[in-house]
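Please go over the structures that come below.
Two complexes follow with chain A in common, the first pairing it with chain B and the second with chain C.
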Partner chain A sequence: MRELKIRKPTLPHDPPPIALAGMNARALREQRFGWALVSPSVFIILALILYPVVYNIYLSFFEFKLTGDNIFVGLRNYVGVITDSEFHLAIRSTLVYVFFSTVGTTLLGLGVALVMNKKFPLRGFVRSLILLPYVAPVISVVFSWQFIFDPVNGIFMDVFHNKLGLFAERFSLIGSPDTAIWVAILFGIWKNFPFTYLMILSRLQAIDETLYEAAEVDGASGWQKFKSITLPEVYFVVSALILLRVIWNFNKFEEVYLLTSNVKVLSVYTYLKAFTGTMDLGQGSTLAVLQFVILIGFILFYVKKVLKW
Partner chain B sequence: MKRGTVCFIALLLILTSAAAVFAQGQQAVETRPAGPVTIDFWTTETQSDRMATIQVLIDTFSALNPDITVNLVPVDENSLVTQAQTAYAAKSLPAIFEGPAETAVSFGTQGIVDVATTTKLIEKIGKDRFYAGPLKVLETTSKGSYYALPYHGWIQGIWYRSDWFEKAGLNPPTTWDDILKAAKYFYKPELNQYGILVGTLPEAYAEQCFTPIAMSNGAALFDADKNLVFNSPEMKEAVEFYAELAKYNPPGPQTWRARDYYLQGKMAMFFYSTYIMDDLALQEAAMGSLTGDNFKDLAGADFDPDLVGKTRVASIVTNTSSAGYGTVVALGLFDQGDPAKTAAAQKFLEYLYTPNAYITFLHMAPGGMNPMLKEIATNARFQNDPVGIFKRYGTEKMAEIIDGLENIETFSIVGGNRIEAASEITAKQIIPQMLYKITQENVSVSNAMAWAEAKMKKLTD
Partner chain C sequence: MVKKKNPLKSFGFFLLILSIVAFSIFPFVQMLSLSLKYQWDWGNPSLIPRKINLEAYKELLNIGQDLKNVPESVLTLLDETPELTSLQRAAILSKYQSTGEVFPFLRYFGNSLLLSLSAALLSVCLAIFGAYSFSRLRYRGRSVIQRGVLFVYMFGGILLLIPLYRLFASMGLLSTPTGTFVGLLVVYMVQTLPVSLYMLGNYFRTVPFSLEEAAMLEGASRMGIIMKIIIPLSASAIATVYIYSFMIAWNEYLFASVFLKNYKMLYTLPIGLKTLFVSKNAIWDRIMSASMLTAVPVMALFMSIQNKITGGMAAGGVKE
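Moving on, here comes the complex of A and B:
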């Protein structure tokens, strides 16, 4: 009697049963080989990123000595930093700097992107010209700004005091502690808005024209079109840009320090504490850890509430 | 293909470990006491022309001592301490460094310099040949031992427009009263002209301007028993006087860079070191500045080629007593734990003190770099500098300036005793920060001094 063989129907995408074991072994080998290939990069990342972070956290619990005999001080560095009035000032300056520079960069970037999305002669040339502040080296533009605002030789005082007589006397806009932070904010907005503009512009160009045409048929005004079409379309790009800008400006050092030298935002304060004078690397590390914790807290909140991921 | 890649990675690993072994082998060779020795020399003279001059000196030395190789490494003065710290942690401190005396002392108190060899070397060169003042600045707490060797130094003074002073019938700015009177007289902001420049930005320059003013009023940070006496009536007077002078500054917080305003004929006086001499004397140095010639539309005067003839210096400030200020730049030996390297470093330093090498080094910045050996100051070759500073100012004036080195005073030497905590206070820039609070943030003198005192106490406890 012939044996009746019941065969499982083979679907076109099923692997042939005999090849299965061989494939598993191959996949495993492939996987292992993949790990072998990425392991140098993983090692480099661990050595260059994870190790400094961990060592920084470790240092924040020690009084650092040049001779290498670090003394464990527990939470003393943290108590010292948190009760220091200069730390509170640094937090305040940082919040003011981050808030206004982010808002300014975003609004200006959005505005310029909207304008640059319209057709006009020489648009390509103007579009690339706008990128100039972003691509110019920080140090050279900082020197130009310092020269512009120099109280004795600068063009700003020459125009507004000498020629127009708007100010009764010469003063140092960039040097005076009351005004320096606003110059730093203005500089940050001017230097960084092109990036925001570029990102938003590319999103604007991807919006389907028919949406606007349909709205026009329904008799929507310019503002209504912006509110109901443009804004929802660019919402996630702008939200992501705000998140990035907050992270970048929260850690911003070179622009603020080179331009004003007396605006002590957290990163500048950390640098001054850790690397100048008698160099308190323990407290410097503590500040860096706190800065990290504050930033992570903000990112988690923002991602959950604003980006709704 | 895959096997080939694995083989390639394996080969890479073998090669890198072989390189590591080879490097260790090299280290082993270097630490051997005999045979060729390589030492590093950290210099704060980072400008390329100065580096080239030092390299010529090193090449000459190497020709005479073929077994010793000296590597010249430029290190920015402001990052010297940080660099030393990382080098210490990596066990790669150089054999020799050149840097400000206060930094050398701070390295000394951290216990990373070779005091024994330094002291032996100073004795070998001849203690009597050095100016006494600079040696004192580098002495350890136990007398007769030194943290580093004084190599060159500058004097600070008030540089002023003698022609303006004569025309106005004012005395040279040597006493508190005369300085303030002149600062007030020449302060004409409506004409974009200012009376004086004192440091108000929280930088070392502010303390350099403030120190002779405080000392000329008998104010100190510590008494001879190392007690903090900062908050004294004398110090308060000095701070108030300084704040008063700062009212006649150009607007905003200022530092040494504002000396350009003097070169432009917009300022009557400024505190500065002898490094200004070549800027004053050499037209091209000043022309590079922001003069009216370069920016026709700006208010102010053109560069005056006769400025050097119209400039005089008052190097001593007088009130209840007299005080001068200057800085010593030292050559120091980091502890190497290797006799061969120490011996090589010692030999190189001895060479740097031989007249020809020494004068070549000092001529990198005539006027700015002044000798620490008395006999070099009167050496005819030294006085015949390549830019003609001595000819312009006259050897007598130069001798007077160099002699000022003998009387260098700092807050860290009281009654001939070194007070290490004072060097820490200088390094932490507490005084400049206090002066900034008073002059720029309108904090009252007593509040700012109380703040500074609290900071100092925290450092010294």
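Moving on, here comes the complex of A and C:
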């Protein structure tokens, strides 16, 4: 195993293989030092991330009494959650939220990246301005969004009710779950498109200019150039970004809950179940397990079918 | 490239850029504008306040609050009810005099700052050694660690919230303010550690190995190399990762809301703002100026290192 590793061609930035003479003592020392350096981080991750995840699975088989006793209930929490119609609603909201916010973020990010890849005056300034939504703390921007959609003073109702007359009366878009989810999706797109744009832009800048020049000589139109040069070049970045976005949006809590607690996506539903009202920690941990299982299932499917690894 | 300046096309392009910028910054402009407006001006859709109102900022930053007058109606009420004891009087008056009771912004700000600064510091210190180890040294299990760090990305906060809450509560950590604070600090450190490890690991691989070799020939120890070569050469990357970790901790709401429920003194800015918003003291100008003051430190930090952090994110955020 050790021999194989040393003979394998090294990447340019990898440490070069150590000279074979006197390797054993040195390699041993290096091995020990390597573990000593990394062990605090590994210990912390094991103790405070992996162990809690396992503990969470364990908790999902118990019911918690206010007296502090835990009663083993087998699969009762799971049956309770799966037969609950609110859970089905939460799944549906999550799917709608994840699908539309991911599609929106990716398309907008791609479009903006294409625009920002062109030269224009003040480009550097514009590029940093449009990163602001991604950088600002969620809590500091949700209230501004709530004001925009405020039924009494908000600018949205001013434009669509007073100026355009699209709605017969002023109402709160965030007030009812059916419309609030679309506000949450729009908010998610606004908040996260800068990240997607930035990643795609850095890939676009690496494309060889001569490819476009050659295509122009052949008389290719703008669309043809996009389809046969740009798209294949960014395919991998875009599909990796979609995967990351799905993972992140599937677990999203803050951006939804702080904007509107009406939209009960899975994370919000779990939070409300576990930490408000009767504080059902048993069902809460069951929900967290189920959410994780669904996500892993999707990741495996996506990696096989879309990324074709 | 063939020169084809179509004025209609460039105007369209200009409009496109303008609308992208407007979409991105409109909520910020709205926030700033509303934080400066008087109540009678809220219904006015124009973004420019008819009259500038700085009261909300002064109130949050505790400037000139002692001079602020108690409403006349309250004073007359106090005059007309002589049966009140002096203690009750003082209590009524203090309600109007110290806005710190309504929303102690500076305290929340201080809590957030202390938590984020120390969590990021701990996380970056651990990550420097950890990342050096798996990006430079050879040993069994190193690739498992490298991949494990990536895997941890997939766990959402909610999956860790319930078990960590149970664990910390059963250890008795959540029954004292200090314990709660330490617990939250540990949580924030853990949440930022994988990202720090991953980003620093990617950066350390770009530091030329020949420098280390030269130092080793001169008899430098590995530890000496980390201290004298790796850390100074990676100063900008380390700063970037530090700020990134700081921002994650500064923005966190989920754990803070559960852990700090019973300790109002320890509230961080996100949970303080949310509590203010649902309370009866919610006034748009106060909320908006508090939002501005929460956003500005982070945005200023980001802008100061913008070029480096975007490069770092491109290198560290996506695995290619």
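Just so we're on the same page, the second predicted complex is superposed on the first by the 283 of 309 C-alpha atoms of A that agree within 3 Å, B and C clash if a C-alpha of one lies under 4 Å from a C-alpha of the other, contacts with A are read in each partner's own complex, and residues count from 1 in each chain.
Just so it is clear, contacts are C-beta pairs under 8 Å (C-beta built on N, C-alpha and C of every residue); 3 or more make two chains touch, one makes a residue touch a chain.
Quantities reported herein were computed from a predicted structural model and do not represent experimental measurements.
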item: Clash or fit, chain B versus chain C on superposed chain A; value: clash
item: Partner chain in contact with A:N56 - chain B first, chain C second, else both or neither; value: second
item: Which superposed partner A:L243 touches (first chain B, second chain C, both, neither); value: neither
item: Which of chain B and chain C A:N262 touches, first, second, both or neither; value: first
item: Touched partner set for A:V96, first chain B, second chain C, both or neither; value: neither
item: Touching partner for A:T276 - first (chain B), second (chain C), both, neither; value: first
item: Touched partner set for A:A288, first chain B, second chain C, both or neither; value: second
item: Partner chain(s) touched by A:S176 [first = chain B, second = chain C, both, neither]; value: first
item: Touching partner for A:L114 - first (chain B), second (chain C), both, neither; value: neither
item: First, second, both or neither for A:L186, with chain B first and chain C second; value: neither
item: Of chain C and chain B, partner touching more chain A residues; value: C
item: Stretch in clash, chain B with chain C, out of 116-124, 260-268 or 296-304; value: 296-304
item: Overlapping contact positions on chain A, where the chain C interface meets the chain B interface; value: 33, 37, 147, 152-153, 155, 158, 275
item: Contacting residues of chain C [partner chain A, same complex]; value: 1-2, 13-14, 16-17, 20-21, 23-28, 30-31, 34, 42-43, 45, 126-127, 129-130, 132-134, 136-142, 145, 148-149, 152-164, 166-167, 186-187, 189-190, 193-194, 197, 205-206, 209, 222, 247, 250-251, 253-254, 257-258, 269-270, 273-274, 277, 284, 287-288, 291-292, 294-295, 298-299, 302-303, 306, 310, 313-314, 317-320
item: List of chain B residues in touch with chain A within their complex; value: 2, 5-6, 9, 81-82, 84-85, 88-89, 106, 110-112, 189, 192, 194, 201-202, 250-254, 258, 260-261, 264, 266, 290, 295, 297-300, 424, 427-429, 436, 440-441, 459
item: Chain A to chain B touching residues, read off their complex; value: 33, 36-37, 66-68, 147, 151-153, 155, 158, 162, 169-172, 174-177, 261-262, 275-279
item: Chain A residues touching chain C - in the complex, by the definition given at the top; value: 5, 13-16, 27, 30-31, 33-35, 37-38, 40-42, 44-45, 48-49, 52-53, 55-56, 59, 112, 115, 118, 120, 126, 128-133, 135-141, 143-145, 147-148, 152-153, 155, 158-159, 190, 194-195, 198-199, 202, 213, 216, 236-237, 240-241, 244, 247, 250-254, 257-258, 266-267, 270-271, 274-275, 281, 284-285, 288, 291-292, 295-296, 299
